[in-house]
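Each chain carries a letter (A, B and C) given by its place in the written order, and its residues are counted from 1.
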Amino acid sequence: MRSALPPSFLALVAVLALVRPAPAAAQLPGIAVERRLAGELSLRVGDTLRLGAAPDSMRGVGVVAAIYEPRPDPAQITKQDRYVRMHLPDLARLLGAPDRVDRFGVALRPGIAPDSAAARLDRSAFGYQAYPSAAIASESSQTFLVVSRFHRAIAVITIVASAVFLLCVMLLKVEERRMDAAVMRFVGVRRRTIFGALLLEAAVIAVLGSAVGTALALAAGAATNAYYRRFFHTALTFSLITPGIVGFSVALSLALGLVAGAAAAWRLVRTRPMVLWGRG
Amino acid sequence: MTPTLIARDLRKDYPMNGETVHALRGVSLRVDSGDYAAIVGPSGSGKSTLLQLLGGIDTPTAGAVELSGTRLDALSDRELTRLRLTRLGFVFQRFHLLPVLTARENVELPMAEAGVRGPERRVRARELLDYVGLAQRENHRATQLSGGEMQRVAIARALANRPAVVLADEPTGELDAATGREILDLFLRLNRDGTTLVVVTHDDRLAAEAGRVIHMLDGAIRD
Amino acid sequence: MTGAAWAVKRLARQPLRTGLSLAGIAVAAAMLLDMVMLSGGIDRSFSDLLLGRGYQMRLTPKGTLPFDTEATIRGASAIVAALRREPALEAAGAVLGTSLYARRGDSLITLFAYGLQPEAQSLYQLQAGRDLASGAGAGVLLSEPAARLLGAGIGDTLTLVGRLDPQVVTAAAGRRLVVRGMVRWLYDYRGQPSVGMVLSDLQRLSSSPAEDRASMIVVKARQDSAVPGLVTALRRRFPSVEVSSVADLVATFHERLVYFRQLSYILGSMSLIVTVLLIATLLTIAVGERLGEIATLRAIGVSRRTVVGQVLAEGTALTIVGGGLGIGLGLATARYLDAILTSFPGLPAAFSFFVPRAGALAFAALVLLLTGSLAGLYPAWLAARTPIAATLRAEAT
């Protein structure tokens, strides 16, 4: 399957062979090695490596000049790829492809639109394609837009399930009050008062449920982040519970709770007291 | 006469608000086969508690109940349940029919539980409904019946497994005078046809028609 | 009257609450079914895709997956020839994948090109026209999006060029090829304009033919059971290339899409929890309302087992009806969710995340049925321990 992403900048599928100790490290090209790769191969700064594009062409030699922590990248977390960084001429020499690159970065003078500049470059030559940075960013984020759409769809289904659950529980909670409502009606309490009391009870349950739900969500979010950070060896945030999300959830559950409570309470106060009492 | 039901020095205490309530204070009685006994007394005198102990629904704090020679306190919960199913019939003040079932299905219920096969129990249920005067209402659900009809279905249900004794707790308590009269007539007919009846009641008419009246006061039988 | 019929009658007596419960269970069951389909569907779909033409092994440049990078294997013909001499192998063929350009007037149209050996191809299904044949004048095959983009059909001649040199603004290689047939490429993403030709033609167009490069070599064993042993043997024999069985590739893919699998487990579990809570809540309240009835049943001699059975039967009836509704809902939502996920860039159009399988359906139904039935345990326990005398006394007041 082809990669979902454009070719990585100077991506090298390098096969590394460790040669220790370094014979003449000072004259060798320097290499920056990703921390996880350094850990897996027990590399230290100053170690010497044999390098090549394939196991049968290990012609290059380099010295570990630095060990770096790559920037967290959601596109890379599920891949097992490991990276090293080299100066461009060193890599070109190693690949036997002098003066060859995957990409150029171009900075435009102020006032020039990236779209029109890219179109002009495309018209003027062939063999390459010019993209505005925004287009590349948009293309790169396609994967995450799809994931985001999927999450939204799942969220809609979850909200529907939660709404039905909430309606059901509210209906049952209010129906539990049948006898109380009957007694209140017997002693002359007005329907409106009973309706208000039941609605208040529904609101209290919805608020308390929302508070417990928010606490659960925060705990689940923290657990999710801890688990996936450990699982993927990354500092990325997987679950982000913003005040907006909390506000939306609480407002939704409160609204659903009140609607369900009102519907159930309305049914109850319309029923004759003797029927509520079980004798009608 | 053969004794069917014997109670020996029954005592029942309930804990209530940190104190002990003595619901029964040593009640002994004997009900013979074919008896029609009415237990009467004011509220709180212990008549319903006595009926529950006689029916094996509750266990006495002290004393024993014997049904046709079987001591109830010697039975396991499962055996006691089986005994209630096959040897005792119950009629309650508030009928307690299953509202989702028809009259016939309510009567069939104890027979189904006892393992009587479908065709046989349907025939018997129809016979019993005919006996209590509800043959034409067999397919009506309990909620579609009047109070008197519900109580007659409850009586048919109590007779389903041919019990040794039918125990009834305030069977006319929820009914108007006319409907209560119909139930009293049914009880008389039942007793004439050989059914042993023990009835807890406030109804003076029932007490007057019963062959024997047991007066209770403060958890004891008052002679 | 059977216990099930009794349970159904009880539930029908409270249509609103039963309807709401069924709706809740149906949504939860739909989610559960979707998640079961998702958890197993990814692997199954990928495996089916890779085994579409029966090739169980792939040889790729060291450290890469098929078509995951632009790296190639040098001297592919020699490796293929050596593989074809292996008695345990039925077929082997090299594949090169690279960008190519079609000249149309003054403009160039970018295409993805497959170069393959017609006697051992694993990449397409012929839909119209004739297949490729070895030798000169073999022609070119088009996918439907490529044909649309080029405005070409079977019998038309295309000018394809490669090895563009931006500095001299010219192509180093070009060839006129006749369109032989229309094909469906198994691994193309939706709308991908792809063309296919004999490997040697593409090698000439894309690089120096002397290097004899291929992106991948596909290998078919005579017996599926021999594949693990053959993979080990080929790894020893060709240490400079990556040898993977379909199972290895599925495992790697499995790793990459681990998030969706884990999400499916979490959401599937949540669905079960919602189902349990709904049924347990409903039945607990229903038992609470029916304590008098239960005490009466016990008083007239109905056993605890029957009472427990009745409550469990209600839970089971709710689960069966709600689950049944959920299957239809689940299949519909799976199609919707699949349409979202299969829009991942670079994913083969033939790939599915949600694969409806009888096994998945049966598993989801069984888990739901067990869970739904078990949800009735607590209310059933409450019903079984109802004190007969005390309840009847309370009912009488």
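The rule is short, and it goes like this: a residue touches a chain if its C-beta (ideal position, glycine included) is under 8 Å from a C-beta of that chain, and two chains touch if they have at least 3 such contacts.
Just so you know, these numbers come straight off a predicted model, no measurement behind them.
Taken together, the touching pairs link the chains end to end in a line with two free ends. Averaging Cα atoms per chain gives one point for each, and the point farthest from that of subunit A is the centre of B.
The distance from the centre of subunit A to the centre of subunit B, with each centre set as the mean of the Cα atoms, comes to 68 Å. If each chain is reduced to the centroid of its CA atoms, subunit B and subunit C end up 65 Å from each other.
If you average the Cα atoms of subunit A and of subunit C, the two centres end up 22 Å apart.
The set of subunit A residues touching two or more other chains is empty. Contact residues on subunit A toward subunit C in their complex (touch as defined above): 1-5, 7, 11, 13, 15, 53-56, 78-80, 125-129, 139, 142-143, 146, 149-150, 153-154, 157-158, 160-161, 164-165, 167-169, 171-172, 175-176, 231, 267. Subunit C contributes residues 1, 6, 9-10, 12-13, 292-293, 296-304, 306, 388-389, 392-393, 395-396 to its touches with subunit B in the complex. Interface residues of subunit B facing subunit C in the complex, by the touch rule stated above, are 48-49, 52, 55, 57-58, 77-78, 81-86, 88-90, 92-94, 96, 98-101, 105, 108-110, 112-114, 157-158, 161, 169-170. Of all the residues in subunit C, the ones that touch subunit A in their complex are 16-17, 20-21, 23-24, 27-28, 30-31, 61-71, 74, 97, 108, 110, 164-166, 169, 187, 189, 239-240, 252, 255-259, 267, 270-271, 274, 277-278, 281-282, 285, 288, 333, 336-337, 340-341, 343-348.
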